[in-house]
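Read from first to last, the chains carry the letters A, B and C; within each, the first residue is number 1.
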Amino acid sequence: MEVDRADGRNPNQLRPLACSCSILHRAHGSASWSQGDTKVLAAVYGPKAGTKKNENPEKASIEVIWKPRTGQIGKPEKEYEIILKRTLQSICILTINPNTTTSVIIQVVHDDGALLPCAINAACAALVDAGIPMKHLAVAICCCSAESGYCILDPTKLEEQKMKAFAYLVFPNSILSVLPEGSSLVQGEPMEHGIITSVTHGAMSVDDYFHCLERGRAASAKLSDFLRRSLQSKLPGDLSKAG
Amino acid sequence: MAAKPSTTTTAKATYSPIDPTRKTRPPIFSGSDVDWLRPDSRGFHQCRPAFFRTGAVNSASGSAYAEFGNTKVIVSVFGPRESKKAMMYSNIGRLNCNVSYTTFATPIRGQGSDHKDFSSMLHKALEGAIILETFPKTTVDVFALVLESGGSDLPVVISCASVALADAGIMMYDLVASVSVSCLGKNLLIDPVLEEESYQDGSLMIACMPSRYEVTQLTVTGEWSTPHFNEAMQLCLDASAKLGKIMRSCLKEAASDEQE
Amino acid sequence: MGLPNASEDLSSEMEVDAFRRLFPLRYFERHLAESIRPDARSLSRARNTTISMGAVASADGSALAKIGSTTMLAAIKMEVMTPSLESPDEGCVSIDFHMPPICSPLVRPGRPAEAAPVVAKQLSDTISSSGMINLKELSLVGGKAAWMVYLDIYCLDADGALFDAALLSAVAAFSNLQIPTVSLDDGKIVMLPEEQKEENSEKEPVNKEKRKLTLGGIPFSLTCILHKNYILADPTSEEESIMETLVTVVLDSSNQLVSLYKPGGAVLAYTSAVQDCIALTRQRVKELHQILEEAISGMEID
């Protein structure tokens, strides 16, 4: 079952990715991430001393500030902030810098669908750029499910509105390790198949959801590779900053 | 006129189909005010049946729910707990009060915002009854939410708050019982409902400690003659003594339930 | 692993309450190992749930839902609006979720709770995705007037699984909704006074038949905690604060997945865990459906 997409992509094809790190001078770490026309800028400040009220001072705290392209922040942005915060908390090692706060500022440059996944990818790259200790990287992807049960990846805004339902999924980055194959299996599944975050909109059947999950996982491997390559490429030039 | 329909087509301005202008003043001012029946067919000097229940909110140190006719409120008490960091050292405890309304408390949907006047009046009514010396350096928070407003909201909140404080085990000299009286023409109406309050010429509210026969707060609005005022005051004091008994029996019941 | 062992030695002499406060995670894990929770529930059991309809007299529809001690009061107020140009024959539903300071020691006046706007957004997303409400039914006069439904949910007591209780109260309030009879008067919609309802001569009500909404697929939800290999259904606030990975599954009556919400968390959800959560939700949907039916029929007898 094939349906033509407006930009001529096949269902599993992602839009062109671009990532550049350390683009802001004042921030401790920054990155811009774009998927097609959707572009997000992330800046990381910290770790700064002290945590806010109601946060556990025995752990490092992460604060996310979402800046929409125009206007004030509303309920959707508040929700994005919380989802992003919880997602980043689960990939960072919070016990290394207790009683500190790391601020992540997300500036939306252009929204053309899959905004939250794009922001998560940007934030992840910026955290690495700032040298915040992390357990592993995370990659986020958006899958759309149509009435007929087929699914497309990385939709544009128009596609998001047209489709019956969509899911934002975040997976851990595949770990390149020296351990023998299969040692990182959890419950019979490789570690990168676990879901860090899942947010869905619209009703779909349970089977459709698992179908999306499967497609998302397959595509996340490609995203992982891209993220890893773009982070590695900047390493040699990073000596000045590390000192 | 908050309920005016919007003239622009795009704005999401809405209005309630209940027409606020339709109501006319009751014939009470036409002179023959003997026939006037109260909306809930009570006598002029008769209070609404009062109901209290403690332990309405589990996550609070103490709480109470009160229902007087259509007036329904919940009060939670937190603390004594750490004062705000900005606060200076204090030998005695602090009391912090807040009263807010739900959006559906009034017949026409409101904003559901904090009620600053009531918050400070609640504070003043309770302050005199609480033994603040028993919790130095710390704060007791008294938060009230009016679920439904059916008239005499503040007196109900004050009485309910004192039951909640007792439930939280905060030391007090006595319970605070509060009753209000509305003056319509020549008549005194005790425990007025919302409709009566909207026509009132004057009102008087007393918060007092019944067993000590002491007043913690007295609020008067409108024009009163001295004999009229004395009558209203006596009426309120008598009613608060009765209300105090009801509050006491509610607390006793809760305590005996716990022992079983 | 020196620390955990040290705590174990201490714990044998410590009082249970002190142990619970000092080593909350260990305290819970000891229970979990015995497949029981501190409140004597089994891992997959939800707390006692009750619904009472028509709790607010001044509202057009209302319900009070309790899951354990988590209490939600939902009330609907209907107002009239001019429909937008894009959808002239549709009404609108506006959902708000409030956490007043009475509900939890963490909320202070003037500083709204962080969770409140997020739950509100989740609720409006869930209710619009489920297609429970047909917005066309809310139209009064095509292009001129339509109902604006204000649903306000107040959390009176916060003890975990806030979204589940809020959604339940919202659904119950919608099934309790009685749309007021209104008539067109001078281009403005006004309420028909009670006494005029029977022998009304000149003012014809615009919505005589449509006093109730027909609800489509009704969504119900269940929140679970993932901790190691355990799945705990319907967590209390204490459990939520100690084990932070939450998964909320929303299914409608025809078992369509309306939402699967997992905002981060230290534990990764693998396919099997997701399937288990969905299976638990399926059971819970049946339970909740029955509780709702009973609450509705209880109203009709009165």
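Here is the rule we go by: a residue touches a chain if its C-beta (ideal position, glycine included) is under 8 Å from a C-beta of that chain, and two chains touch if they have at least 3 such contacts.
Keep in mind it's a predicted model, so treat the numbers as computed, not measured.
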item: Chain-level touch network, classified as line, ring, star, complete or other; value: line
item: Chain ID, smallest distance between chain and overall C-alpha centroids; value: C
item: Chain of greatest Cα-centre distance to chain B; value: A
item: Geometric centre distance via CA averages, chain C-chain B, whole Å; value: 30
item: Chain centre separation in whole Å, for chain B relative to chain A (CA means); value: 51
item: Parts of chain B lying in touch with chain C, wherever the complex brings them together; value: 5-6, 9-10, 12-19, 22, 56-60, 63, 70, 74-76, 78, 81, 98, 100, 102-107, 109, 112, 114, 141, 143-145, 147-149
item: Touching residues (chain side chain A, partner chain C) in the complex; value: 54, 75-76, 78-79, 82-83, 85-90, 165, 167, 170, 172, 186-189, 191, 193-206, 208-210, 213
item: Interface residues, chain C side, partner chain B - complex; value: 56-59, 62, 69, 71, 73, 75, 77-82, 84-85, 92, 96, 98, 100-105, 108-110, 148, 150, 152, 154, 156-159, 180, 182, 188-191, 193, 237
item: Residues on chain C engaged by chain A in the complex (per definition of touch); value: 106, 114-115, 117-118, 120-122, 125, 129-131, 217, 229, 245, 247, 252, 255-266, 268-274, 278
